[in-house]
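Both complexes shown next keep subunit A, but they swap its partner, so subunit B is in the first and subunit C is in the second.
Coming up: the complex of A and B.
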């Protein structure tokens, strides 16, 4: 029961501090609109049924990914800059537990990007959101959120090893949007880029979501995408847990958290 | 003779310090990552988006290569001001003997140049990988147009950065201005595809006329180039001057009310 209370409290504190950051609000509220508008204008002469999926999902998925990168992964750097990280390490709750609570909250907040994109596309751009297979869409969205969350948690660990994590956050955002196929399919990328994208849950999650919005019923490829999203997501989740334990052990042993 | 060069050397030192203040605490690897990989990745994202839509990737590559100048010109100028406020050194800038106009222009100087270099990098990618035709380019005109565009964007950066002194959240203001440049200035789709009121907004922003001139120069056309460049320079100058006078007002207000760091 104490754990549940701690989990919910961590989520609540995290939501309050995250939503107050101006940059996060921009990533969450403005970026999806920018991408949805750009995609809409680029496809303005194409048939609506061909492009609606890209307008509706492009901005939303990009927003979700950016919000996850700039929140989950960026949280580590902020905790360090504010001097809270050493307190978290010393607290009785494990680091992995605290960050799991944060990431669940981040995921819920990031969903707003998709909601904003859908509302903006419908009310301003006049692109209607039609859900031919609601259950498949919910399943694909859940797997996408799990996959991106796990990957962001893995990145958070990597960022622990540097004091300039924001550089890597900025640099990784666009390449992962490209390799993740959020606004256009990875099929247009060169073979080597497609090979890299195979290990990214964001790529499989995006493909599952696009497949779920297609008029045809979910086929074998849809299920394959959902499965790969979960598998790659689970892989990064496990890697993140191992890294959390290793880093926690290492900083306790070396005592160099604030100097590394 | 040395007396003649002393002010110039001092000004250059001021410009260099303003620029290094942004990056001095990063390693060279971090700096190069930000300056090379990030701009190219941004350019690739939008160019591939256009390519997937069946449109000419060169159009997107050129638009985004020029738009990259805003990363340095706009963000650079604004972030210097944000850092100044966060570090509590804005009071020293105002209290120092150096005229504020000189400090502000020095701040812009290297950001504009940095924007030009980033754009040249993007253009290199566009020429090499996205079939942008270089055969018709008039290089001297192109360099001149890039320089004017880059400094016009830095003028906007200076203008936006001053709002921080009046209590406006600079992170929001900077990203809002960047969004306007990305959406309205003909980077990924022509300005005339926008509704008429938004076209009017576009014509008041730097980048719109500069990009139009650059597209014409790359296509080997000359009609309208000079007029576009004159507009671009004028718009950039107006933003820069507005920024200067706003700062002078903020300086006056801060001395009278003593509220510089309270808003």
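Coming up: the complex of A and C.
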């Protein structure tokens, strides 16, 4: 029961701290609109089905991913700056557990990016969002959220080790969006880039979502994408749990709990 | 015989830093060198020393925030490096200053979250939070966001936070920094009350009279090493036979200080600027002779601004830190 309370209160504290940051509000509310508009300009002469898929999902998924990485890096950075990172490390609660709760909250908040993209595309760009297979879409979206959340938890470990997490966040954001096939298909990337994208849950999750929007019923490739999203997500989640123990000791060894 | 709560054996701690971009140079800073001490249950143990002496590093090691580079330390019988999880539920800490709180949350919500981090039952936590916020005088302001609090209010909230898990060992690193005199006095009283319940307290402060009043034993730390550990009285006795002459001078302290230091009976003389006046503190083996010299050689000397007294902890501290024989 104590863990349930801790999970919920961590989510609440995280939401209260995050949503009040002006820059996060820009990432969450403005960025999906900018991406949707840009993708719309790129694809407006393409087939209608493709336009809808890339505008709606591209903008929405990029927004989700940006909000999640931005928030994860921002949390680590901010908590270092506020001195609460030391409090979290020295408390009996598991650091991995606390960060998992934060990332679940990030995921829920980031879903707003998808909602904003859908509403903006429909009301402003005139792009209609049709769900031919709602159950498949919900399944694909759930696996995407799990996979990207697990990957964000893994990234949180790297952010913990450095006093300049925001640099990593900025450097990683765009390459991961490209490798994840969010705004255009992975098939057009060079072979070496496609090889890297195989281990990214965001790539399989976005492909599962695109497949769920196709007019034809979910095929074997859809199920393969969902499965790979879950498998890669589970791998990153397990890796993150193991790494947290090592990283916590490493941070105590390096003495970089606080901002220099 | 009280059980030993904290044992530190030959602990050293190094920090590695790098400078330069193309020609990177690695520099190793020795924050602590072969520190050993033992603290008994219910004791208030003080650490005094100049800035950068290693006091905070030692407290961070004992609160499991840092691991020692070598040596070992045990708190409540558990090793700080390898058994941090066993230690954490039973300790808490305050690091001086305003950080360590969620500024965008209310005082009450901060404590609720810290209670959750220590796995304290909600019902117990609610009662304890009310009791603690009342004790530190913040109950009426409990719903206000911390970002609007004064420095002193944040410090009082830190105190409530540090007591949320009823710790067996409490680490207080400059807890009265930034507090007004009334709040600082209330905190000292609170520290005494906490000690009466059997809690072991580790305390650092630059206010020597505060340390003298509160601590059972004090370690004097300089450059990462312990120079002396003893009771405040025993430390003050290092200056046995000596007296202190304090004199306030209107801007001529430098000159008088230089002259006084040449005298055989004078052990040390330090000068503090305070507004247009300078305070010269002289440790002397023959106070009457020193006073006679001041009266004869200082035209601006006002007898009302001259004080002769017995040495206190601050005088002993200065002697130890300045390495005066």
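Here is the rule we use: the second predicted complex is superposed on the first by the 246 of 260 C-alpha atoms of A that agree within 3 Å, B and C clash if a C-alpha of one lies under 4 Å from a C-alpha of the other, contacts with A are read in each partner's own complex, and residues count from 1 in each chain.
Operating definition for what follows: a residue touches a chain if its C-beta (ideal position, glycine included) is under 8 Å from a C-beta of that chain, and two chains touch if they have at least 3 such contacts.
No experiment lies behind these values; they were computed from the predicted model shown.
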Partner chain(s) touched by A:130 [first = subunit B, second = subunit C, both, neither]: neither
Which of subunit B and subunit C A:255 touches, first, second, both or neither: second
Which of subunit B and subunit C A:196 touches, first, second, both or neither: neither
First (subunit B), second (subunit C), both or neither touched by A:170: first
Partner chain in contact with A:108 - subunit B first, subunit C second, else both or neither: neither
Subunit B versus subunit C as contact partner of A:161, first or second or both or neither: neither
Contacts of A:2 with subunit B and subunit C, given as first, second, both or neither: second
Touching residues on subunit A, where the partner in the complex is subunit B: 22-23, 25-26, 30, 34, 37-39, 41-44, 46, 164, 167-168, 170-171, 173-175, 177-178, 183-185, 188-189
Complex interface listing, subunit B residues touching subunit A: 26-27, 30, 33-34, 37-38, 41-42, 44-46, 48-55, 169, 171-172, 175-176, 179, 182-183, 188-189, 193
List of subunit A residues in touch with subunit C within their complex: 2-3, 5-6, 9-10, 13, 16-17, 20, 82-84, 86-93, 98, 249, 252-253, 255, 257
Sites on subunit C touched by subunit A in the complex: 15, 60, 63-67, 84-85, 88-89, 91, 93, 95, 97, 99-105, 109, 112-114, 116-122, 161
